[in-house]
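I'd like to ask some things about the structure below.
Lettered A, B, C, D, E and F in written order, each chain numbered from 1.
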Amino acid sequence: MSRIAAFGEVMMRLEVPGYSTLAQENRLAYSFSGSGVNVLSAMSRYGHDVFLLSALPDNSLGEAAFANLRRLGLSTRHIKRSGQYIGMYVLEKGFGARASKVTYNDRQGSSFNTAEFSDEQLEAAVADADVIHFCGIALAMNDRVRDNMLRLAGEARRQGKTIVFDCNYRPSLWGENGYERAKPYFQQLLGLADIVLMNEKDAIGVLGMSTARTSREEQLEELIPAVAKQYNIRAIAGTHRRVNGDNTHCLKGFLYNGNRLVWGKERSFLVYDRVGAGDAYASGIMDGLLRELAPEQIVEFASSAARLAHTFPGDTPMSSREEIVKAMSCETGDVER
Amino acid sequence: MSRIAAFGEVMMRLEVPGYSTLAQENRLAYSFSGSGVNVLSAMSRYGHDVFLLSALPDNSLGEAAFANLRRLGLSTRHIKRSGQYIGMYVLEKGFGARASKVTYNDRQGSSFNTAEFSDEQLEAAVADADVIHFCGIALAMNDRVRDNMLRLAGEARRQGKTIVFDCNYRPSLWGENGYERAKPYFQQLLGLADIVLMNEKDAIGVLGMSTARTSREEQLEELIPAVAKQYNIRAIAGTHRRVNGDNTHCLKGFLYNGNRLVWGKERSFLVYDRVGAGDAYASGIMDGLLRELAPEQIVEFASSAARLAHTFPGDTPMSSREEIVKAMSCETGDVER
Amino acid sequence: MSRIAAFGEVMMRLEVPGYSTLAQENRLAYSFSGSGVNVLSAMSRYGHDVFLLSALPDNSLGEAAFANLRRLGLSTRHIKRSGQYIGMYVLEKGFGARASKVTYNDRQGSSFNTAEFSDEQLEAAVADADVIHFCGIALAMNDRVRDNMLRLAGEARRQGKTIVFDCNYRPSLWGENGYERAKPYFQQLLGLADIVLMNEKDAIGVLGMSTARTSREEQLEELIPAVAKQYNIRAIAGTHRRVNGDNTHCLKGFLYNGNRLVWGKERSFLVYDRVGAGDAYASGIMDGLLRELAPEQIVEFASSAARLAHTFPGDTPMSSREEIVKAMSCETGDVER
Amino acid sequence: MSRIAAFGEVMMRLEVPGYSTLAQENRLAYSFSGSGVNVLSAMSRYGHDVFLLSALPDNSLGEAAFANLRRLGLSTRHIKRSGQYIGMYVLEKGFGARASKVTYNDRQGSSFNTAEFSDEQLEAAVADADVIHFCGIALAMNDRVRDNMLRLAGEARRQGKTIVFDCNYRPSLWGENGYERAKPYFQQLLGLADIVLMNEKDAIGVLGMSTARTSREEQLEELIPAVAKQYNIRAIAGTHRRVNGDNTHCLKGFLYNGNRLVWGKERSFLVYDRVGAGDAYASGIMDGLLRELAPEQIVEFASSAARLAHTFPGDTPMSSREEIVKAMSCETGDVER
Amino acid sequence: MSRIAAFGEVMMRLEVPGYSTLAQENRLAYSFSGSGVNVLSAMSRYGHDVFLLSALPDNSLGEAAFANLRRLGLSTRHIKRSGQYIGMYVLEKGFGARASKVTYNDRQGSSFNTAEFSDEQLEAAVADADVIHFCGIALAMNDRVRDNMLRLAGEARRQGKTIVFDCNYRPSLWGENGYERAKPYFQQLLGLADIVLMNEKDAIGVLGMSTARTSREEQLEELIPAVAKQYNIRAIAGTHRRVNGDNTHCLKGFLYNGNRLVWGKERSFLVYDRVGAGDAYASGIMDGLLRELAPEQIVEFASSAARLAHTFPGDTPMSSREEIVKAMSCETGDVER
Amino acid sequence: MSRIAAFGEVMMRLEVPGYSTLAQENRLAYSFSGSGVNVLSAMSRYGHDVFLLSALPDNSLGEAAFANLRRLGLSTRHIKRSGQYIGMYVLEKGFGARASKVTYNDRQGSSFNTAEFSDEQLEAAVADADVIHFCGIALAMNDRVRDNMLRLAGEARRQGKTIVFDCNYRPSLWGENGYERAKPYFQQLLGLADIVLMNEKDAIGVLGMSTARTSREEQLEELIPAVAKQYNIRAIAGTHRRVNGDNTHCLKGFLYNGNRLVWGKERSFLVYDRVGAGDAYASGIMDGLLRELAPEQIVEFASSAARLAHTFPGDTPMSSREEIVKAMSCETGDVER
């Protein structure tokens, strides 16, 4: 069991029921998530002790978020009550040929995105953790958040803690000239990170690297080791995803670790709710590396965790380690009773 | 932007939630639709100015129908408040091997089916529109409705407006000897129409035409030009549909225009709610013809509109022109965020 | 235990959830009820063997109605599958100063209101019952229904069965000159009935009787015995109701039996759903007379049944005899656990 | 029939179902409202032609807002698509001793609160209306909104249109020294307004007026005429409200017009949803003044509209003129069927 | 039409809505089912007269169960009111790669599992039926239930009634050394039964039979006739099921009757709710044998019934004979309207 | 801030929505509660560190219970995973004259009621807490539970921790001769307790004390000090409740502490959900005594907490200290926004 922290925003997810659009309905389901929340909840199910470093408003919305973070197994002991708002997004689930649609409502003004964390707060949080998870989404927010992240990562490095960085480059958040704007921050984080989640697209897009290869697999096999070398990263993992028009996706995971790149098996599977599946993959990689499993096992575990995460409503992975392992080794079973 | 009218009934759709039967449940979702409603709502999304010519009762049910027509973007300025009832149907959604089931509750006594429209009302409505949509379902109702329709179509012809006629032959509504009973009315409408939605089955069944060909495609390619010629119709469009047992359908559209018949690509896609998809196709054709696009583009746009319409709950198409175009040109995408 | 029949329509009740209007919502709760259904369901709870004489369509709506009648304890062995529609009404529940609103959708065309019952069917149903319940609402429908009712009542008289007639005069159903139109039919039924549900308003309005008294109580005390005498009715019962603006009603029951008029205590109580409470009162009176209880007990039992019926969602009374007796004798209790 | 405009924000209301808190539930009901929206929807029900001058984002949230404004009867022809967010608030309904709670989520960054309206846009909107409604809530937002409002009011005065100003002073929005901060803006609007909604608390608090009287009624009777005189206001109306612990409120309306102050009857009534009831009162006053009814009638009509507005879920009044008049003149009735 | 009885427990099914886990949600759908309930409800739809021999508590849970059994078409005349509890299970529906999960809450203490049925009660029930259905699940409960079952089966044999035994061996209910523990009871029931539902796995596992064949089909073809011979069973039927990861299953039925083994066609189909589909198959076999159809027809009818049963929410089959026959002979159709 | 423990069962509450009966509906809301859970959740809101000593099954039901206890703010670090079941009850909410009804489903076989706690487990739990809460409901269960409770209380006394005992005598759980059966266990707990929740009914009923006084207040004033003296109890608190037929209750609290008995004000208030309100009162008393407030303040705080607890759905109090204090000092307010 390790002590895992994550730095990240808590978002309120407002989901239109069924496959309706927001304009058709008058009811929503809500939950609280975020990249860090999702990773931590999974890590908590795997037996780790987890907490979120974040900020939430001191009102009914914050209260509800706290209750739901606790429900997911997170400790809230490092969450500030400051600011006034919570980031929100609306999810309209797609079906078949129609893609799901996420619409954000003001995130910039949220408690997290306006919070100042003092050096003392950051030091205390770092001291309380063995591993700290950072997400590239937060990097896209604003200077204050970036400053918080970089001071936190610096402190983690100083205290010798393990730093995980999930690139999660979101074009819509970085806007025009996004790659250029993102590059310096990504480089700083990569320079501090021990474990990184990314694939060849990040290397080409954000980091501006180039390759003569044409297939995605070959590009990845060339670029990922180069990234690891350049930024002195212990392990890099990620996935290739293909989206089909019949509610199925194909996913193929990889892990570069100890100078060796391992591919998982590509599998096709039915998708119920795609949001947050990347966080399930990340948490599977983190748990596997912490347990020092063989790379092949780690990739299969993380891929299985990701696959199952596509079958639950909500952003947050809900599978236990046992269920993930079972889904690795055997075929889909009949009803369990 | 054109001014589009439709003459048609507003139906109250009562949908059993999920995949239950009416005998299993105690809750319903309701909405208001109808062939004309669906076509107009789509045309409104495409930027046209639309209104329905219909009748609704002056009570809570009529009130709710008005509110929902406005929500869908329709103007209600030509809807009479008369009569006492609204037509209703119950939809029990099927799943896989089990077909969806529609059960009508008294339609004959509805405000629309008992309404008398004066010549003045019809003239005013025609004057207010550039294009008027008629549906073969209304033809099946009773003599009063047929009289209203034929007077309206006559007036539209007099004022030189564009007449669209969607055959929509429904065997269960016409009953025994349906083809025979329907034929004279269909012929009258076809004789007045500029744009017609139908396929070779209507030609063979309702119009009693014959062909030596055996494949549906060949039959269509022989009969549709003949229909266009005989009734002096500018453009005829329609689809071939194949229903599979795994919640997928195959659809292939066509458009005969300017003496040339163009087929769209056949595509297979997942179906969530099939009702109203034909109206999406019709509105795509109408919009494309109004914009004077190339026939190939029109068919692809209408087919894409129809495909997407299968992915929304409810009868009424919900896609914007941008979403339809996007679904034409690219593969199913990942969640949009 | 007696065998109780009722002749009456099964209505589908479509209830807007909470206190919204139909124009605000998109979901409905549905159930199946009707005056006869409500009386029989209560009688079934009191231990009697009950069946409905009615007609329902042979489709999903009829299927659902059958399932729900069985659920309420009714035998469906005398229900015809004929006709095509089921009567429907929408209930928008009021709150405080806003009255509840019932909107009917086509009832005239329903299976019940278009059904022909042969003499053999009526004879068989009468032979199967000890007591038969008739409701004045059905009298308002059309000539066919009235013919069915009068033939049935005649047959019941011939076979010496007990006839219960609940006047239930509904002004909106009888329309203009309603009293005049209703009078001959009400008189015929009253002439055949053994037990009647009515109050002085029916005597004055429908039967055209007059009195010099001014208070409702005195009017009733003068007119009800006169009605009983004139029409040779064994027992007449009914209530006085007062509706307050704070979701409470006041109810005071009476029973005239054996030349003696007994008043129950007037009580004020909170109302959740008022529809069908009159049927609960009627069933309490019927059960009490069948058990030959003292009139005072009968009125208190029926009043208690009616009061409780106001506290359940839906038209149909849900209380057991024990619960009704308990509610007669004691104050409102704390949660029962 | 008049042409009525309102300048105001569209808020998305997220309501926790039943009487739960946000922390207890996982579902919300949503609707779109706002002071201007509520007033306009009521005016539309009274037969006026209404439109909102506002701004909404060009995304799914804006789309849903548009659909719902149309549903409420508002024209959207003067609503800009600009900015990125929509103001939101969460409503946790109280019960008995527990007050309802409204929690805003970021409003400052909303499309409305960041929108620039050009002089041309404002002129066009003013030209399209006979009466324009302003609300003090918008004044509390920021300088841009205040600038828009004052330019709009100035233009309305120039074009000789009727200006309605509802003070709606909200302490929590104005923050510390709120009265002082608000005063200059309120004074400017009062100076331009023809019809004002306020009571003596606004005069004392915002305008800093004083009186030696101690009862609220007497204070009002002294101060309101003084305000009217000082700011040259044609009519001032408002209410006194008392909140009781048993889900009832007491409301007493007044109207000062033509140098005469008229009080309505104080009435106590059950409250289901209090939000928006003030807008119902305002719309009743506006409609009455436009129809040039007697002040006593206007107050009773507006009070009845307000009372009924407390009985509907949602912020927006749902009663027709007939229902309001009926609720004025008679007692609460039995179910209407 | 035959009189069919079943001996079995009524379970309350608590279903988590959608595809959520119990830990994610706060609402459940409930229904009442059980192997006997499911078989009888199907037989009732096929026109038979059916009743359940069971026990239920005399409280609100029992009341609700009674109402729902009646709704499903079952007579409750042989259900005891005794004991205090009802068996419950929670269903968390799986999706794609994630299997559905059933979690039982205390069943051992249920009314059924603690009920004593007197010899008189059993005799009366047997006398009331032509065919009696037994299920191996009940055998797994406890000695009291097994005693009830064996006495009932003995009495049925004495009165010469047809005994149907569905093996339904559930490993989790029999626990460690389950096969050994189950064997004697299964042998007793097989010795009394006329019609048996099982496949080769039961023969190998429970009965300890062996075969040199390796394919399931061949094993079955060797063992099932041997079982029939050894236990003198008139007919044995069952299925082979294969579960795929894309929400589809493959099913292939068989019937051994009159010394001849008939296989149905294997079909793949989409699955919505798998629970209870085995009971649909059993009822199809029973109905077919009662009607003395050809074995091929029986298997196809039972298979079609089972396939359709996978498409309804809830455990209980909902198809009419007509719908099943239609699904046998034709392809999936378009919406029926 | 103190460390508070409670020993008690976690119950799954299944609530029928609205005011329907279980036989009318097909959906339930569920939550997890229990006397100890409720007290601890309130204490957590008051800022204390709280944990439950209990047992839950290692399955989906236990998983959901864990998640929900965390949501309520409880630590689960002393909850055993053992046994197989969770106690359940169904709540059918009453309305007005109809009382709410609680129906338990098997509780005796639950994980809690079958759990063995080793001395080590009990010692560790006691060492982890400053105050331990016991509830008389658990005493009614069985010998194993009573043994666990008495060993735990003994250990708490040995370690010098504060023992709180809420008598909570439930007649239906103790059955016939309940007072006699309960007396010895209650006496043992009273002998060990520091703080007790009870009133004069417990003294007369369970403890068999007698008094010549006739009013409840006088009886209490005589008997409570006598109980405190006899059992050497530091503080005794409780309430008098009166249930009215209009959804209101009256409540009057008292506290006997330091030889002085203080009464709170009697207040009448509207009740939404009465279950668990006693636990809110108990937690208010505990918090007040821990903070060493004046007795008058403690009673008013506890009474206010109890009153508010009647206004939330669910068993568990949801108010913060601030909200309770606000509800003490002021009248019901208007909507807070």
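In the analysis below, contacts are C-beta pairs under 8 Å (C-beta built on N, C-alpha and C of every residue); 3 or more make two chains touch, one makes a residue touch a chain.
Bear in mind the structure is a predicted one, so any value in this text is a computation, not a measurement.
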{"item": "Third chains touching both chain E and chain A", "value": "B, C, D, F"}
{"item": "A-C against E-F, pair bridged by the larger set of C-beta contacts", "value": "E-F"}
{"item": "Most remote chain, CA-based centroid, reference being chain D", "value": "E"}
{"item": "Farthest-lying chain, centroid of Cα atoms versus that of chain B", "value": "F"}
{"item": "Same-residue or different-residue interface between chain D and chain F, half as cut-off", "value": "different"}
{"item": "Separation of mean Cα positions, chain F and chain B [Å, integer]", "value": "62"}
{"item": "Geometric centre distance via CA averages, chain E-chain C, whole Å", "value": "42"}
{"item": "Centre-to-centre distance between chain C and chain B (centres being mean Cα positions), rounded to whole Å", "value": "44"}
{"item": "Shared interface positions of chain C, touching two or more other chains", "value": "21, 23, 26, 31, 67-68, 71, 101"}
{"item": "Touch-based graph of the chains, sorted into line, ring, star, complete or other", "value": "complete"}
{"item": "Residue numbers on chain D that touch chain E, as the complex places them", "value": "25-26"}
{"item": "Residue ranges of chain E touching chain C (in the complex, touch as defined)", "value": "67-68, 70-73"}
{"item": "Residues of chain E that touch chain B when the two form their complex", "value": "31, 71, 248, 269-272, 307-308, 310-314, 318-319, 323, 327, 331-337"}
{"item": "Interfacial residue positions of chain F with respect to chain C in the complex", "value": "18-21, 23-24, 89, 94-102, 104, 170, 172, 241, 243-247, 274-275"}
{"item": "Of chain D, residues touching chain A in the complex", "value": "14, 21-23, 26-31, 59-61, 63-64, 66-68, 84-86, 88, 90, 92, 101, 103, 105-106, 108-110"}
